[in-house]
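Across the two complexes that follow, chain A remains constant while its partner is chain B and subsequently chain C.
Coming up: the complex of A and B.
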């Protein structure tokens, strides 16, 4: 742990007297970020080096390209289906503008990034969902890109590594978003029927239609520490059953205890764990090495 | 009062200022170079900003970057510490231009005292004794004539000089021309200003300086003197307060003179008037340092006044809540500077403790001492009822100080403390020269 985080902070009140400050001191969001778990201001440099993880273990949302760089070998990623982008075909109020703004601010066209990459030398198809693009919600294009990726991987006999983060189906695309659950599930099934491996990594939060489809279909399901994974949100459940859910409701740790996840892997170890799982899988491919 | 303050420095002085701020409830912003990422001042501050590469010219001496860091973080004031930009009038002006309070005197005062020749003239006008000397000299011929009039030995001094650079001692007329050119050239290279003047070389002499503190309302108090004659290569090694060479009558005279000079200059903040004291108790103005001194801790020990906190308060417009009559100098305090002889990593650190033992330092076990900046590792300061007791205490504390991994001057300092001349209090700035 960096030395600075080991010091406690005195609560001395500001000495009085003299001139008032020329202007109020601004909160310097550029320099530090407050951890919602431990409440400390963490320097951005520390966060960056720790893979957007607070020294206390809290995982901050990770931008897509950063996660790709974090997980894969340098310069091994080739993007696929990058030209696809959502349209506002229902005329949903404000949707078109929202999409335009998000494309500007994130530099991404959609809430999922697909491609082919190598992780410690092991080739795989990869999708990473974007927590900064409508909270990774699944609309027609997200569904289409993921389905296409599984089809592409099935054809090329590649394993799929998928990093899920999502608020669920995209409400601005209505019933067509829900359709994506069936479509992606079918693509995952066909990929699996071909004897191919699918590894899902659930990050905070993975909810709704994404949980109810491809996110939970992994042959192996890993989760990040403290990730919320569920279908309906805690508040909706509370209002429906009229009981307060426990504090660890829908947490990755509970999923692990009840067999819905296979392991919880902190970010620092993810690359190594994913690579070793890919290595094990490579040896077991039925069409190779006489198995 | 400022709610947030940026410290434009590193090392022990940055830590000293951050600690004062923590007591005062002021949020702190540290700036650091690429070599100082893991330093204590960065770890202690509430926020930190990297301002460039390891070389000071691209980081701690870059006024623009420091002011930008203050503006980005919303700091209301900048404390320059000592060294680096602490005596830069341009830096003070840049801070004020951007609405930042500069913890130090006005640009005008810094400019006046930064020009050694101008400061000399100003002090002379204000009734402060100065050593016989000249104004700026045109050439070596003019210098030769003036030197005859003053009487050898003389010092050739650069107007912009400091830290021992741009100074040459001339004992005979033959040496003068060479000394004139080397001093001038050295000053031109180091400070971009080659103007020099002559001053009578007072020897043997003691280096005695008076600490002053002044507020915006024009109140000036003197916080006693410090004796800084133990010097090697113009670098102070041991400082003490009170000076064993200053009697109560002389102290009263020094106090009055320094206060008078500060008042005449309209000085605000903490400052130090340096004097040379000859064997006959005559004193001559040498220069005025417009910043916190490294050795301020000995004054804090004998007066009980926190100089850094008062610097910040004065910069925020708080008037001094005590007068000269309230200042009582009690006991005796000695400081010795612990310097690194080379860069390294501290593998083990043991700091002495006990009553009235203070170690101002930015060291911790595992910290790296980079080769880029000054050699000061820390200052071991003690206070006791008498000078004799303070000497014993400092020796005991110094023996307990362990810094593994970085070679230091602890043994050399112990040798000074046990030297009979030091024990008797009878020493001058030639302390090391006689040794050689």
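Coming up: the complex of A and C.
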């Protein structure tokens, strides 16, 4: 995004209304979308075919239902815990309005979609976080839904596939948002102690309290190319150490080099890779007792 | 009534006792143990074994340092991943030898540095959260000053969490919150009120079990009270089997922010309506 455009974006609207970025069709042209990496105008048809990926490899953010459709077998997804939605229980400035606007603009009730699905025939519990809903931030309901999903999966002895994207813990719900990091971690631990498989797929950006909890707790951690994954954001780091972080700071490729991800998987190969990992971890030991 | 930001100031005050003071004040015969056995020894987290009466405890504290030189050496109490990994190593040791563990937490947060990120700050915290939730020995965390977000939580997944009167516990610093909300860090006092970060608020939200008065700065008295409370807590906790202990710890976390939200939710909504009217 050019610097000028970034400054002209009405910050107040973002602060008060929390509207998601304009839809692609409303930008330069009805039929194309500009890639922030290579700068080319990409026809929407090409993007759609490639799973919202530019031919140059740039991964555009994906709406939750779109990612579910992209990753799972047709009509195999059943949503779970979909009725839960956040409330402004602290009376935090602007939060109630922001939630109302987001529910309207995204059609989703919360920043994570949970359910049960099949991926190339393999059953799994699935959660997909929503980059358009308060930047996928984790408040009490996101934490609750994810904890419930791991408990549900532990009980049914299902693997969990989780697609993370998040700005971190949701400040508008205060300390209880922070506690969701511990709550989800405890649920992941129990699911794992039961011998169940958890595959985390980290997408751009995965930050803060989500990185510092369930995103980094996968038995296997995959990342999308170019995804930024970290705890503190680059700007905060720069302000703290008064030194500009390298250009590839916190990029998936660096994460891989430092040993914090198992593999980088472009969208085109994700279904196949996830399905084969689910197949490998399908439970077959006869002495298995589960929980 | 005391303003939230007064607590923030008190929690950050330069003359406030630090983590090692609390270890020395509550326990005796502290033997410090160093290093995470992976990369380094992080001086912003101090840990080891200390005695309370004739019971050995594993004790861990974040340490800010007393003077400028110490503060720099201890990175102002902001741990690197090695600090969290050292804490986890010592806690695993506590589990192995059936020692109870007490953690004193006072940190503005996990350090936001390039090296810290490259060595997996998020992963280190995530691992602590997961492992502490199922550690088969009693754990008690006491927030003695600043409880800064995930960096504090990584040392505060416990059977009980206690706070001192002026300690604060928050998902984000009031300055950071004000910066995001209003692009103005100077409005931190206002943000502090909204975040409900004081010991009284955190207690009301069910995140801390007990709050200890600071006795107007009579710290020896505070430590005496804490020592007695820790002993009583351990007597109760040690009567439970490891399975009962971790089940209770799980249910404690599980209850946090579970809809329908607690009574706090109702007052929250009411406050919001008032706000709407006054605007």
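In this section, the second predicted complex is superposed on the first by the 253 of 291 C-alpha atoms of A that agree within 3 Å, B and C clash if a C-alpha of one lies under 4 Å from a C-alpha of the other, contacts with A are read in each partner's own complex, and residues count from 1 in each chain.
Just so we're on the same page, a residue touches a chain if its C-beta (ideal position, glycine included) is under 8 Å from a C-beta of that chain, and two chains touch if they have at least 3 such contacts.
These figures come from a predicted structure and were not determined experimentally.
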Partner, of chain C and chain B, that touches more residues belonging to chain A: C
Applying the document's definition of touch, where does A:180 land relative to chain B and chain C: first, second, both, or neither? second
In the overlaid three-chain picture, which partner chain does A:41 touch, first (chain B) or second (chain C), both, or neither? first
Looking at A:250 after the superposition, I want to know if it touches chain B, chain C, both of them or none. Which is it: first, second, both, neither? second
Check whether A:217 is in contact with chain B, with chain C, with both or with neither, and answer first, second, both or neither. second
Considering only the touch criterion stated at the top, classify A:82 as touching first (chain B), second (chain C), both, or neither. neither
In the overlaid three-chain picture, which partner chain does A:55 touch, first (chain B) or second (chain C), both, or neither? neither
Between chain B and chain C, whom does A:266 touch in the aligned arrangement: first, second, both, or neither? neither
Which residues would you name on chain A as touching chain B in one complex and chain C in the other? 15
Per the touch rule above, chain B residues touching chain A in the complex are 1-4, 22-27, 38, 40, 42-50, 72-76, 99-101, 313, 316-318, 364
Could you pull out which chain C residues touch chain A in their complex? 110-114, 116-123, 125-127, 129-131, 133-134, 149-150, 153-154, 157, 169-172, 176-177, 180-183, 194-197, 201-202, 205, 207, 249-250, 253-254, 256-259, 261, 264-265, 268-272, 275
Which residues of chain A touch chain C in the complex? 11, 15, 84, 87-94, 96, 139-141, 143-144, 147, 169-171, 173-183, 185-190, 193, 208-209, 211-217, 229-232, 236-237, 240-241, 243, 245-246, 249-250, 254, 258-260
So in the complex, the part of chain A that touches chain B is made up of which residues? 2-4, 7, 9-10, 12-28, 30-32, 41, 43, 45
